[in-house]
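Take a look at the structure below.
Letters A, B, C and D mark the chains in the order given here, with residues in each chain numbered from 1 onward.
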């Protein structure tokens, strides 16, 4: 049923996240991509003639769209943003000012107190900030953001364990190259190598997680009182961020099984087209999750968790894996738009 | 000066660690490899005709040695063991019983209370256990072991920070394939992938480190009271284990600089041919250490440390890197033999 | 419609090709896997409890099958064989003798004059050999084989160019690790490396191609008079063999475009469920085909070709790419079974 | 002996080839790097403070040099050029005009009839072109070039087989990422992948080889009458270009052994510090040469050859491997400078 699909646009449609957005939107039951914008270099070209870097073919339904510049007046009501952080700030604000609902993957507005930073299974209620956002900024549109990729996976795990009251979290990430976009990291720098730092990534994990797990008030979010310490590394993996996580709880579960059950039982507040029934899958095999074998589960929207066991220093430790381009970026943004649609924010 | 070189043998000379031992011993100022043993499959073949897997050429001085079986009576007084854990236990004991000093990289005897588990810069004094060992076992020879590869790097870091009294340690490792020997991990399992578990490795790190940092008594080692929690992973790197380490201290240093100074100033009790003047090198660049760029420093005997900074959950965190085949295996064993020589245990 | 599906079995169901066969058969419109056999080590275990190495989940419909031993009397009428060459010869013959139609990926019977070596788009008529095969061997069943993976892609290219009469062919392959099965090549041997030889592979390409392109007579195949010289290498790629091919023709096309048109226009004699409408896809981009971007086209059943241009030494050169596990193995066998079904050989 | 070392400069000293030049010159018996130039972005910075990308440490003797701009008047008499092709043309000409001997790795002047394109073991006599070059251009200095990396290895092989009169050559290369400089190819484009095209590379191999093997006349080089057809690919290898080569000869050797003997016996006209006694090493093992195991032989200056055998289409085929950054770039340039020194061109 194509009739009911909402026309949507994509800002930054020629980057890696942008292409992933377009590929997923082309088949989406609720949305239909009709407007694609990118930098001046690509503007004016047929989308099917730009450089497509995904293994599945460019969707025929968008091939003939002509890439536009980022002009708000020409955009549909709902716009996904995969813009680079270097330009996303003012451009997204301009679209919101002109009445567009901007669902953004960029980091620029994430920590703005009046901008919801949303993972639908965790904090759907944060969309209530939009009323204050519009009032304070004088926007007729809105900006809603999703977290940094490595943050999403950790936040889902912590949210699922909420009743045990996580208090201190140590995480070391092993992140894939597609998280750095294109061209991202040079082959000669990463081949057979580990780069033990990713600029800005640790701060994002440590702060965004607390906002997501916090409580929305009228003038912003009261952050969750949890301390996170992150070390982020880049490894020679194409897709999929692996996270080694140790957690101390205020009310720790009695056993690792109890913790696993909480992860497996976790679910969102409302079914959405892109949301798996259970966003977290616990794997019992001793050597899982693995990017090559597990990253594409449920089309990349499921976080896989394994190696759940006691930690001698904190309480429990585990390994989590998520698809950085899907659950951590393009899929996360689409899920947020689905939530807005389901809750009447796009009426 | 070849005259003074002590004749030595190598058990397991055709494996990856065995070849690395032979390559390093061929040029050694104190030792001269004259006897090489391996499994029945290789026994009787010219060493130069076995399958050599190192990038540098097989040393001409050993090419004509005929590979022997592991018969103690045919071995010289000092024997290095790179045997597989599946066979090392009784074989090494037989060599010790027959008067050979066995310097072993195998895990089998490491946790025996009367077997020194030595990193010369840390616990040279543990060699004093050898008197009890000989007495208790009735051996005329001896067994001395070096730790598991990923343990060496962590133990050196903790020893260098001894005066701050490390108490709780969380470590996540990113380990290279050469640590698994040959054939080790299948290409199809590791290419572009992370395997988030290495059998037995976490237990080794958690227990061996405590023994190394402990105090030698007459009947064994009083383990150090430090709690270690490890998560070990395999990544697509050829050589070099990277470790993300967080530490809580009883007497934490005031600043990260103070911690770095302690690492850089750390040194062993006595100069040895294979020991770098400073076993730990602190790198100031934000994205170091990296296996490709740093693993071969000082011929692979230096542990590189970077990203020293405060940890919000414990006190400080850092990233360490060491060469698993050199400082973590073949070089570690040779260093132990040098220590034994220097302290008169081989007279 | 499950009713019409033919019960089939898989020999060697726990290997990499075997698992790929099972995964593809589970959804097949004509076949239904009901019997899975493997080595004694796996026999007696639930298939869902064996080690599954594919990224997509093990099909629920086969999870509860109990792995059987390779006993002909317990097998259904049609059996796919993904057996190792070490055992395939007599086992497949025994199944054929007992009335089973064996569609094999193993190399053992490929060059037998009375065994069809089939790529449906090229030489469907070779199935006519089955009459002589049954008579000569006294079998009530049959053996049909598909070529070695790197042979399929080259043979399809040459068949599509048949009217230009290819006469001499030079090919250098860059082959993926999944072509070596599991465990196959050790990580330490292939990481960041090229291994410039694959045992037996060059001979297979040079001889199998000539048989496939030949003419079936009553007592065997008259090989095509074409000379092929192959160099085969292994590269650090997961799936997808790339082939650099140069061809001299007796009646060369006038232009590279004419050659490309012949490739694109090539099609099989009869539509089959697994057969793409056009088995060869020509890519115009200067840097294609690439394994990561092109190997999965049409579910892995299409051969991608690019860089078609004149060759200064022979007449034309090009680069071809195919999925070794799909079009080169599991998919090839299934396609052969579909052809047999369509032509009444399984009635 | 430092006294006799000639002061030299390096243009483009901060790139990958530039750093390799500096590293090798720092220890050179004849040359001493005293002047380093790079783009405006680096100019004015201490060389030890620029980004060093090699695994061995930056040589202390050059760490305190301040990076200069490319101003001829400030350069010493002999200057190595590792400039990008985008700027090398006029800059190198300006240095030659101002009296500097420019030994260049850039492609810009290679095919100029009056510029020697030299591999000392092959065509040392081409330096005689310098007289005409100076006269025609009015330069007081000179430009001498070395070939493109993949060309060097092929040219050495063909030169060693000169007496068999090679006439037609088909080559497919598998080239390492370091050949593309830094940043070069993006990780996401090459990880687990093959890129079957390298811009401009095939033309260089096909034409440069013919000039190198040609005869120097007063006004240029009479190219060798040999036809070469090349296909070049990029593979996930750090250093080392592998080449699959087939050759038709006018006077083919009777056996592969005879061909191997000619390769092994090949040697240059005069000993030079960087030249191995035998520039080509034939390996008998069936699966060699391999980049990981063979690329560093003789410090990277030796070309390894294996798999010498008959070719059904041309006469013989083999696999060659060379270090693209050393024998194919920095080492090649230094070798040319050594030749110039030895033959009095720098007096």
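Operating definition for what follows: a residue touches a chain if its C-beta (ideal position, glycine included) is under 8 Å from a C-beta of that chain, and two chains touch if they have at least 3 such contacts.
Not measured: the values here are computed from a predicted model.
Colleague: Look at the interfaces A-D and A-C and say which one is made up of more C-beta pairs in contact.
Modeller: When A-C is set beside A-D, the one with more contacts is A-D.
Colleague: With chain centres set to the mean of the C-alpha atoms, which chain is at the far end from subunit C?
Modeller: Checked the centroid distances; the maximum from subunit C is B.
Colleague: For subunit A versus subunit B, what separation do you get between their C-alpha means, in angstrom?
Modeller: Spacing between the chain centres: roughly 42 Å.
Colleague: I'd like the Å distance between the centres of subunit A and subunit D, where a centre is the mean of that chain's Cα atoms.
Modeller: 47
Colleague: Can you compute the centre-to-centre distance for subunit A and subunit C, using the mean CA position of each chain? Integer Å is fine.
Modeller: So the centroids are 40 Å from each other.
Colleague: Residue numbers in subunit C touching 2 or more other chains?
Modeller: If we look for residues of subunit C contacting two or more partner chains, we find 53, 191-192, 236, 238, 292-293.
Colleague: Which residues, counting only subunit B, touch subunit A once they are in their complex?
Modeller: It is residues 168-170, 172, 174, 191-197, 206, 227-229, 231, 233, 235-238, 240, 242, 244, 246, 248, 286-293, 306-307, 311-314, 317, 319 of subunit B that touch subunit A.
Colleague: Which bits of subunit D are touching subunit B when the two form their complex?
Modeller: 53-57, 191-192, 238, 292-297
Colleague: Which of the residues in subunit C come into contact with subunit B in the complex?
Modeller: For this pair, the touching residues of subunit C are 16, 53, 177-178, 180, 182-192, 236, 238.
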